[in-house]
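Letters A, B, C, D and E mark the chains in the order given here, with residues in each chain numbered from 1 onward.
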Amino acid sequence: ACGGGEDSAAPSASAPAPAASSAPAAAQGDGVLTIGTLLPQTGSLAFLGPPEFAGVKLAVKEINDAGGVLGKPVTEIDTDSGDTSTNIASQSVDKLLQQKADVVVGAASSSVSLSVIDKITGAGVVQISPANTSDQFTTYDDKGLYFRTAPPDVLQGRVLGDLILADGNDTVGILALQDAYGTGLADNVQKAVEGGGGEVVEKVIYDPKAADYSADVAKIKEKNPKAVALIGFDETKKIVPELVKQGLTAKKVKYYFVDGNLSNYGTGKDGFPKGTLDGAKGTQPGAQVSDDFKEKLKSVDPKLKDFNYGPESYDATIVTALAALAAKSDVGKDIAAKLKDVSSGGEKCKDFKSCADMLAAGKDIDYDGASGPIEFNDAGDPAEATIGVYEYGADNNNKNVAFNTGKIAG
Amino acid sequence: MRRAVIAFTAFMGGLVFLLTAPAWADGEALKGTLQNQGQPVNGVKISVVAEDGKPVDDATSGADGKWEVPVPKAGKYKVTLDTSTLPAGVALKFQNRSTLDVQVYDGSVRNVLFALVPAGAKGGAAPADDGGTSFWDRVAQLTFEGFNLGLIIALAAMGLSLVFGTTGLTNFAHGELLTFGAMCAYFFNVVVGVHLVWAALISVVIGGIFGYGQDRFFWGRLRRRGSSLVAMMIISIGLALFLRYVFLFFFGGEGAPYADYNAQPGIQVGPISAAPKNFVAMGIELLVLVIVGLALLKTRIGKAARAVADNPALAASSGINVDRVIRIIWTVGGAIASLAGIMLGLSQNVSYQMGFQILLLVFAGVTLGGLGTAFGALVGSIVVGLFIQLSTVVVPTELKTVGALLVLILVMLFRPQGILGRRERIG
Amino acid sequence: MDWNAILITTVKASIGLETVVYALAAIGVNIQFGYAGLLNFGQAAFLGVAAYGMAVTVATFHLPFWLGIAIGLAATVVLAFLLGIPTLRLRADYLAIVTIAAAEIVRLVFRSVKFSSVFGGSDGRQNFSGDFFAMNPYSPGTYGIGPISFNERVTWILTVGWVLIAICCGLVYLLMKSPWGRVLKAIREDEDAVRSLGKNVFSYKMQALVLGGLVGCLGGFLFALGQASVQPDLFSTEFTFYAYTIVILGGAARVFSPVVGAAIFWVLLVFVGNTLSEAVSAGMLPSLFTVNNIGAVRFMLVGLGLMLLLIFRPQGIFGDKREIALDAR
Amino acid sequence: MSAAEPDRSVTPEDAVTPDGTVEPEPAEAASASSDASSDASTDTEAGDESVSRAAVTDRSEHVAGAESALLRADELYAGYIPGVNILNGTDLYVKKGELIGIIGPNGAGKSTLLKTLFGLVPVRSGSVTLDGEDITNLKAHALVSRGVGYVPQTNNVFPSLTIEENLEMGAFQVPGRFKERFEFVCEIFPALRERRKQRAGSLSGGERQMVAMGRALMTEPSVLLLDEPSAGLSPKLQDLVFIQAQQINKAGVTVIMVEQNARRCLQICHRGYVLDQGRNAYMASGRDLINDPKVIQLYLGTLARA
Amino acid sequence: MHADSTTTRKAAALAAFAGLDREPGVAKPDPILVVDNVVRRFGGLTAVDVAHLEIQRGSITALIGPNGAGKTTFFNQLTGFDSADEGSWAFNGKQLKGVPAHRVARTGMVRTFQLTKALSKLTVMENMRLGAQNQRGENFFRALVPGSWRQQEDEITERAEELLERFKLNTKRDDFAGSLSGGQRKLLEMARALMVGPELVMLDEPMAGVNPALTQSLLAHVKDLREEGMTVLFVEHDMDMVRDISDWVVVMAQGAVIAEGPPDTIMSDQRVVDAYLGAHHDAPMSAEEFEEQLQEAEAELEAEIEEKA
């Protein structure tokens, strides 16, 4: 009697779910925690895939090294989420459900997640995304099964806006990617800037598939802002040269980056010329990714260059495994019910082994992960997050300069 | 130069502030730094009032321009700058904003900015003397960008229309030919390490060979087996899929620039700013387009190509080696596509979807100009390029492609045969 | 290697939601292109306006579901007229480009921030499928034969889908056997000849465009309802390309070709994808292949598969070789 | 009332041609020509026999005559659709300097025969030799360089090229001689010179035919294959075409000509072939064929004979 | 009875033309088609410039003229396939300028194309059936109810079969029209136009490329059409045919009508001979005559060549 249509408040008498209740495939409670990934191997976000897969892989490895969950090793099934234009996410989910996944880690794109959330949660499976930032999910009727480790844009937008003001920029131009992530973050930045006395003189939303960005930049240039916030992903590599070309160099205006494009561009062969980003700043949710953690990720995937959403994926995996341990069950609903418990209010612990040991000892734990404090609220969103502030040097690489942890609500 | 100094000091100020006050989380507060043209402004009074009207505290900016007011808890506060305390010659930039409603969040310090300007320079958003550009400057820039983009599209379109013209094949894999060229150049430039100019030359040759090979070992065989054009069109979709993902496999999902000329600083030419590489690229593009167009119109092999396009069997009957002509066209088409890809990569980075993403515009260009005309692709593509860029004057830039496509549809309404196309005779 | 899972997912894919949606879209394309020769490369837009018409009515304006369906249908017809009136006089290849352009315009407008209060931007719209599933006659549980079974929601949508496909196929069969269909096929061959015989070519083309659009639009409804969500990028040009591929795979101008083509297409995609991913996780492939690039390999193989199918059976599954011989150049 | 009803009763108008001779009933003509090659036919009509007899004798005659031929085709089988042959063992030879006419009902395979000779339709069995050299299935352009020219029946111009360019394509392999040959062709068809810059696609049917003919005359071929060169031309120009064909032939060019203007064709040709259902039905000198009552009845009709 | 009506029709047609002026644009007693000042220019070229022309109802009228005279273009204007720059024309009193092609056909004026337009991937039979008018099954909704159009379809098929037999295409009945030979396409083109059941049928070089024996039997059929009350206007370069069946001949040159008249008078008109007929104008040549002419021409040419050399 669950997963039935829209009568959403699925009687969450989370008693051991009858085996064939919802999806036939998810014959749950088989004692093996099966983690499915639904992450981009192809499509427009394909470049985000490698660190995410690596994060999950690393987590699974650590979990299994520490003895697995419920006495059995955790299994991982990897599938491709593509992007919405290829429609293959849904088939991937079918496969995951068929193979009795209890948890689906993914998708990276909010749109893809929206297109499969019903299917996943309808089957009583936990969906936990490392990268969704759209505010749709906060209110979505997900039967309590949807979670995410990436904080919604609110906090980052606030911090970035504040940072821009603190640097004394009274006029700001925003170039934002046309999707939930870009526009959401842009709105929050704008709110913060304008609330604090600055002015957003131009907000340009660009099509990520556009043939070129000169018109977008020209529009910014016309308004001559003191700072430009670049909110997007890989296209940033095309936009920065366009800014430089039209004379909006880092010397003249201040660039601000966000987590989607805060990478080390370098001055090497496919980097920018020296000094291109000198003095630019950026924000990124998550505690500082330690070199140690980066090394660990690299041990899983030696080719890794960027680490965006790697820690979030790692944490998503670890925290669900912990929830399964706490629930002593690998059934989706049971895991979902414990996710809030293990992430907040209790004794802090930072890795799977120690957390598992504490759980075994009957303690209440509060997992703080690689990406930050990890604390879920009732909607399944992070209630708290750390935002790091970074600054670029003449070598076009960024260094952390500060951290700011804050509650998201408010 | 003066501007640079100002910007630099502003930036230094920010840096100092960041370094001296690293901890936001110490307790809720409101703070800010008052600066006028990069110089700190001191002695200005700022008062904070809680939401319920209860005054919280006042502060006066110090010698470094800083002020800070701790607040008891998170919530909304009214922050007011007492304009009477501003030194002579300094005024608020946004004069109606001497009082701000500011939200302070749990455990964080909130920055508040009162923008100051020398008195007299009243607060427009973009004072023209401040280096901002005028509307017409932007139009000029956009026109330039229209030609810039249009020429790249035209180059791609030329390759497509050559092949379409001679074989009737609507090649959906043409975008991948572009990507191929761009990636080749990337390989030689970045991986092998030769200068981009040489890498480009090599890649154009390889692109030609690739085109030749495609016809020799693939399309030519299909043609000889009598595959229909529709089947070949769908096969080209399959091929596009295949190639695109081969690129993804080897290149990865991220875009990457060439080692040379990336982020080349622009120079100002009249109202437009452009990187020197743009001018060189446009020159090369135009040259190639005109040469190929004229070759098609004037040379023997060009005429033969058009003859094959019209009627392959009759061409063969006239003593034209049809297969050879088609192969030449494929070779030239491949080489031009390669060049187009490199030019696209030069201005837009190399990525596995680059060709695919521009394909629609290429088709639009070819069609707009009129199918099967020598210079149609050129004219059509430039129109497409211009409209993409110039339409942003009226529509949001996210919809710039919509603007260009609408124009395409409108032109088709009034000239169904395309701009340079000719109507066919009935009966 | 979990062959069991691979086979089951593959079989399920052959009758699953995507197959249904693509089959309906392809039936529409078959009417327009296969029979009437209209190169409508904007089929995705027809599905898009239908899906959005319904979703926006219900989710944005909180109006009843059936009104949403009606608006979706109306939107499809309006689009067909908007597209058709100016473009049906164009030569086939021009029509193709104009329709692609129109479809992109539709998608970009759905996607735009400017209109996001109505269409929801890149996230699209959700929360509109409640009424549809409230009509579900199946009580909760699973339905099917052995492992090939679906939950009641999926069963419901698939039932509706396959009934619609059956109706559409029947419709196409009847129409194409009739003189009406004959006129259509004749228009495909030479409009001027048909005109000289006193048939209103424009009207027939328009009928074909509208009919094909309406059939496709049913696919749009099902897509939206099945996913309980609409997003603009679902309706991108690739979708139309795939619909064409499906039609040609099955054989143009054959009643069942879109259905069989759609099944083949998805079976290929799912089988290849799942086999590869199993092979990688079982460590059966060289280390060159990793989880990060295996998705690319899948599409490579699918592309290759499509090419091979058409190289060795250019007339499609049901096509007639004699017809193909006629249009070879 | 169906439109075809009067067909059933033979009206006086129908049966009597202007000169008073009685023409064959259409139905009979139909059965005769369509049965001509169906060996399994139970119909023992005279036409049938005579045709098959002719075919048999033709073969030996062919072998004898083809001995010293410039171009010869032996027992050609060819067709478009797999499994359906259009040519069913056609024989043909032409000696150097000969002018050959091929006539026959519509759909007999005349055009197919020319296309097969010229390498545009693949030969399924049989052989084609030119000057003793086997050219079976050689590509068309290779034949052009061996001195063979061809004017197709339909689609015989390049519509998007101008007239001048069309003719230039005719001289593709000898670009140097373009000017001189262009003058020569314009001499014959002055209309072409006036319109040299007009695109062939906008030309009238007859003008196209001139371009097509002109294109083939741009090279000086040693063998010329003409498929209905006079169709669609005004009487004046038809005369010109026939005269021209003969002129060319006199100048030493071997000509094979397919014509529905059968009488005129047979009048000028040395030998004529009658093709029916992809086989040789008759082969004789032009004069003999014109006067053969069977040929008249089945193929030539009496209309043009006043 | 039948024979009677035959003679009356033919006689009626001849009688109607008797005593008419031989002037271009002469008024006919009972015109079915009246054309005024139709002009069509392509760039600098005036392809059609017809001041006045009337076509007599129930007659067979031939339109002849040199290549490029504008005959096909004229047909295109009249039938709505191309828009005339100027002029007006009325069919059965109904003005047709600007009327789209399909409507023109429905009013009963049907044309064929000189460059044939076979519907390649339809069978010959389907091509024929398409010609029939007022088919119930061509309406979208009725098409869905086979019962509503089956019977009519059978009638149409029967009619088509008769015509195919006439045109010697019955063996090709179920083949794709695209596989027909050049001449067969001409035949199909004409047969299909007759399926429309027009009042005025306009044939553009119907017999070019058709076997002479078949031509002859088809001419008989065309005459039958006249007997049924149909009006025929045809373009043809085959003078034997023109002489044989036409009641009246209209001559075009350089876009304009330069002469009209009964076949025998027209063919001896000097202007017509000069512009169009050339050598063998008055009577069909005998073989000997032809030979002679050839030799003459040859001698002339040779002389010319020598002169040049």
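Following the convention adopted for this analysis, a residue touches a chain if its C-beta (ideal position, glycine included) is under 8 Å from a C-beta of that chain, and two chains touch if they have at least 3 such contacts.
Every value quoted in this text rests on a predicted model; they were computed, and no experiment measured them.
Q: Give me the set of chains touching chain A intersected with the set touching chain C.
A: B
Q: Would you kindly count the fewest steps from chain B to chain E, each step being a jump to a chain that touches the current one?
A: 1
Q: Which chain wins if you rank chains by how close their C-alpha centre is to the centre of all protein C-alpha atoms?
A: Per-chain C-alpha centroids ranked by distance to the global centroid put C first.
Q: For the pairs C-E and D-E, output the one whose chains share more C-beta pairs in contact.
A: D-E
Q: If you average the Cα atoms of chain D and of chain E to get two centres, how far apart are those centres in Å?
A: So the centroids are 25 Å from each other.
Q: Go ahead and note the Å separation of the Cα centroids belonging to chain B and chain D.
A: Going by mean C-alpha positions, chain B sits 61 Å from chain D.
Q: Report the inter-chain centroid distance for chain C and chain D in whole angstrom, where each centroid is the mean of the CA atoms.
A: Those two chain centres are 50 Å apart.
Q: Using mean C-alpha positions as chain centres, tell me how far chain A is from chain B in Å, no decimals.
A: So the centre of chain A lies 27 Å away from the centre of chain B.
Q: Going by the contact rule already set, what residues in chain B reach two or more other chains?
A: In chain B, the residues touching two or more other chains are 245, 248, 396, 398-399, 401, 426-427.
Q: Taking each residue of chain E in turn, which ones touch at least two of the other chains?
A: Residue numbers touching two or more other chains: 72, 81, 113-115, 179, 195.
Q: At least two partner chains per residue is the criterion; list those residues in chain A.
A: Only 40, 42, 46, 49-50, 178, 205, 207 qualify.
Q: Which residues of chain B touch chain C in the complex?
A: Residue list for chain B touching chain C: 167-168, 170, 172, 222-223, 225-231, 233-235, 237-246, 248-249, 312, 360, 363-364, 366-367, 371, 396, 398-399, 401-402, 405-406, 408-409, 412-413, 416-418, 426-427.
Q: Considering only the defined contacts, which chain B positions touch chain E in the complex?
A: For this pair, the touching residues of chain B are 426-427.
Q: Quick check on the complex: what are the chain E residues that touch chain B?
A: 72, 75-76, 81-82, 113-115, 204
Q: So in the complex, the part of chain D that touches chain B is made up of which residues?
A: Residue list for chain D touching chain B: 118-120, 139-141, 144-145, 149-150, 152, 155-161, 165, 168-170, 172-173, 175, 199, 201-202, 215, 219.
Q: Could you please specify the touching residues of chain C with respect to chain B in the complex?
A: 86-87, 89-91, 93-94, 96-98, 100-102, 104-105, 108-109, 111-114, 192, 237, 241, 244-245, 248-249, 252, 293, 296-300, 302-307, 310-311, 314-315, 324-325, 327-329
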